[in-house]
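In the two complexes below, subunit A is the common chain; its partner is subunit B in one and subunit C in the other.
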Partner chain A sequence: MRCRSCRGDAVIEIRRHHAAFCTEHFFTMFRTQVEKAIRRHQMMAPGDRILLAVSGGKDSLALWDVLLDLGYDVTGLYLGLGIAEYSDRSHDVARAFAAKRRARLLTVDLRRDYGYDIPTAGRRGSRSTCAVCGLSKRYVFNRAALEGDFDVVATGHNLDDEAATLLGNTLRWQTDAIARQSPALPGRDGMVKKVKPLHRLSELETAAYAFLRGIDYVVEECPLVAGNTQLRYKEAMNAIEQTSPGTKSQFFLGYLERGMPLFRSEDRAELRPCESCDQPTTGRFCAFCRARAQILGHRLGTDPGADLEPSDREVAQELSEEVLPAEIYARAAR
Partner chain B sequence: MKVKLRNPDREVQVRGGRPVGSVLEERGIAVDSVLVIRAGELITREMRVRDEDELEIRPVISGGVR
Partner chain C sequence: MRCRSCRGDAVIEIRRHHAAFCTEHFFTMFRTQVEKAIRRHQMMAPGDRILLAVSGGKDSLALWDVLLDLGYDVTGLYLGLGIAEYSDRSHDVARAFAAKRRARLLTVDLRRDYGYDIPTAGRRGSRSTCAVCGLSKRYVFNRAALEGDFDVVATGHNLDDEAATLLGNTLRWQTDAIARQSPALPGRDGMVKKVKPLHRLSELETAAYAFLRGIDYVVEECPLVAGNTQLRYKEAMNAIEQTSPGTKSQFFLGYLERGMPLFRSEDRAELRPCESCDQPTTGRFCAFCRARAQILGHRLGTDPGADLEPSDREVAQELSEEVLPAEIYARAAR
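Presenting the complex of A and B:
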């Protein structure tokens, strides 16, 4: 198999592009796709302070690597979830990457800083493990970005992630969630701007990039994710992609070009500070504080009705501009 | 040929002397869902593997919520 650009030996085939690339030209293609994503969705500007959510997986480390190479001012934020050896290994590779690239890495630890970890939260709370994990991540990343005066929060969501989310939301016609599924969500009322610069690149491409760049990343899957709905949607899309390469990108990138304008949501609830933590919320207490109080067995406020449990959908919607089907429907992952 | 599979980590023996794509097909693995690594390098599906090769088939799928 020959490189599309130089006819040299190819190391990776991208079937949806009907192309293969040598290492050098694959890196060029990868960076070009990231730059195109940033430019098209006005994700970030030179001089912006970017906070990158770092999990230790291939996507977040590949994104960190390419953004640094493109000259952006990127600080990593690792969130310790307390998932035994998996979290220890994730933290180790995040620290090793930061040291190698002389980049800044911040660390928040759920157990140390908020009094619980994800396995405990999955057992004690009413939400699925994936739901409380996603809620915790969005809360911590937004709060850290506000407190650290960052302009943008970047995450490593790739094309497969976005296509699976769109599939899940479409299967249930969650039109409000579909309307919010944008690669760049502008900041507002205490919510920092959020961007996904890898949304044009598949998991195969981000994994190959990380491998070819010599980035040590966590290959192991989160031990709590088995049965996750998002994974099942990915498997369904991969089955279609196997015989019809390009379906995933046509589905998601086609949605961005032609579908998203049809789902514009005008219904934006007013945000106000949470009475417990000052972070933005639509009610008295934010979803994170309600979840944390439930996990820790605390009560919020003096009004007996103040911490009544909202539905999972309300919880997911309240803090996020995006609702992932995995968070709402992944009861099997508890 | 020795093949290392991941998640969970394990090793299996498969027959060499054929393209990588044939090995993946035999094991029911979608070609776009894995990296195939031989001697520290990525190889594409049409490349032939030998009985004395050692391969790693590394899944690229990740799940959960970021």
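Presenting the complex of A and C:
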């Protein structure tokens, strides 16, 4: 295989583009796709203070790498989930990357700062482990961005993530979640602007980028993710992509172009401050405070039981504006 | 396993309903689902003259069987596709069923009545074999219904068919095709009303019904179907259904309830009579006449080349109002 740009030896083939690239031109293509995403969706401007959600995996570190190279002012935020060696290794990797690139890394630790960790939450609460983890992440990132006066929260969601989430939301016709699955959600009512600059790049591409750039990242999956619905949607998309290369990108980018406008009216969530923490919510207490109270055995407010048992739909509209993982709707399957 | 209704020995388990049934109560459940579909979508009234598209497979014969038992006036229409032994056996089976139930069966033969057969069409035309077959069926059934003064055309599409088609249309965000994927499309401008009374029943259920009712049907798949895109969507849906029973039905019935209203405005096709055959079309000549002219090497109209090379989108809007198979968009993959 020859590089599309220079005809030199190719190191990677991108089937949906009918193209192969050498290392150097793969980097160029990768950065171009990130720039295109940023430009098309007006994700960030040069002076913006960007808070990047860093897990220590290939996606978040690849994104950090590209955004720094493009000259953006990016601070990483690592959230300690307390998942034993997996979390320790993730934190080490994030710290090492920050040190090497002289970038600032903030750390929030769920156990230290909020009194619980994810394995405990999965056992004690009424939500699945993945649901409470996703909820915690969205809450902590938004709150840290508000408190640190950041303009944008960036996450490393790639094309495979977005296509799988869209598939899950579409299979259930969760029209409100579909409406909110934009790669750039403007800020409003206490919600910081959220962007996903890797949404045009596949999982294979972010992995190849991190590997070829010599970035040390955590290769292992989270040990708690087994049976995760999202993984099954990814498998289904991969099976179709295998015989029809380009399906994922056609699905997600086609949604942005032709689907999203039809769903706009379905995003009806009205936000107000949570009575416990002041973060935005559609109810009296936000989903995070309710989940945390349940995990810690606390009571929220003076009216016992009030607002403690929200419907799945309320949970779905809560807090994030962002698309929630499929699991949050499937508490029964815990 | 015990029957949900009578606690007798069950012969079939329906996982998405968390239920099992004995033969008798399975028949009852099956008929109830057909009646529910007919009622909810006002598919047909007792006095209506119904033309049923009969392929000789489990779905069309199961539907014929139920509709006759429910007292409807149903005439079968068998379309000879000219696919060697497969077509011969299909015709025999359809004739035997009609004779046994003393029902009327009409026959149209593509070779005899239109000058080509499907294997030839697949080799000669610019469309895939499955695309030209689907196009021919929709054309012939609509035309026969108009000429025979029928009120409704019924087809045996089951839940698996509809979910796979919806998945294909959604993966491409073919919003006009999505808008038209109703199980009951009202008649208009030369298009006879089209209904799909089996859309609430899975492929497994129609097969079980036909088998348990002792209906002789063609078990083999069409020999030309290998590599069909629709089959791959079915496989993807089956993989998800396997771990999340109910996904197909949630997807398709959820679409009818929550998705379809959002797509209504996307069905913008305006129909007028084809200049060659008078059947409805969005262009000057209908897709069927164009395909047939191409297959037979004829020229349509006086303006050479006029309207002979429609875009994929035009083809998609043409003639049917019904959802077209995925293949029709994928002529390049022929």
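Quick note on the criterion: the second predicted complex is superposed on the first by the 317 of 334 C-alpha atoms of A that agree within 3 Å, B and C clash if a C-alpha of one lies under 4 Å from a C-alpha of the other, contacts with A are read in each partner's own complex, and residues count from 1 in each chain.
Convention: a contact is a pair of C-beta atoms (placed from the backbone, for glycine too) under 8 Å apart; a residue touches a chain by one contact, two chains touch by 3 or more.
Predicted, not measured: the structure shown is a model, and the values here were computed from it.
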{"item": "Subunit B versus subunit C as contact partner of A:L79, first or second or both or neither", "value": "neither"}
{"item": "Of subunit B and subunit C, the chain that contacts the larger number of subunit A residues", "value": "B"}
{"item": "Which superposed partner A:I12 touches (first subunit B, second subunit C, both, neither)", "value": "first"}
{"item": "Which of subunit B and subunit C A:T170 touches, first, second, both or neither", "value": "second"}
{"item": "Touched partner set for A:Y255, first subunit B, second subunit C, both or neither", "value": "second"}
{"item": "Which superposed partner A:A236 touches (first subunit B, second subunit C, both, neither)", "value": "second"}
{"item": "Interface residues of subunit A shared between complexes with subunit B and subunit C", "value": "235, 239"}
{"item": "Parts of subunit A lying in touch with subunit B, wherever the complex brings them together", "value": "1, 10-13, 15, 20, 53, 55, 57-60, 130-131, 133-134, 137, 155-157, 160-161, 202-204, 206-208, 211-212, 219-222, 224-225, 228, 230-231, 234-235, 238-239, 241-242, 245, 324, 326-327"}
{"item": "Residue ranges of subunit C touching subunit A (in the complex, touch as defined)", "value": "170-173, 175, 229, 232-233, 235-237, 239-240, 243-244, 247, 250-251, 254-255, 257-259, 262-263, 265-266"}
{"item": "Touching residues on subunit B, where the partner in the complex is subunit A", "value": "6-7, 30-33, 35, 37, 41-47, 58-66"}
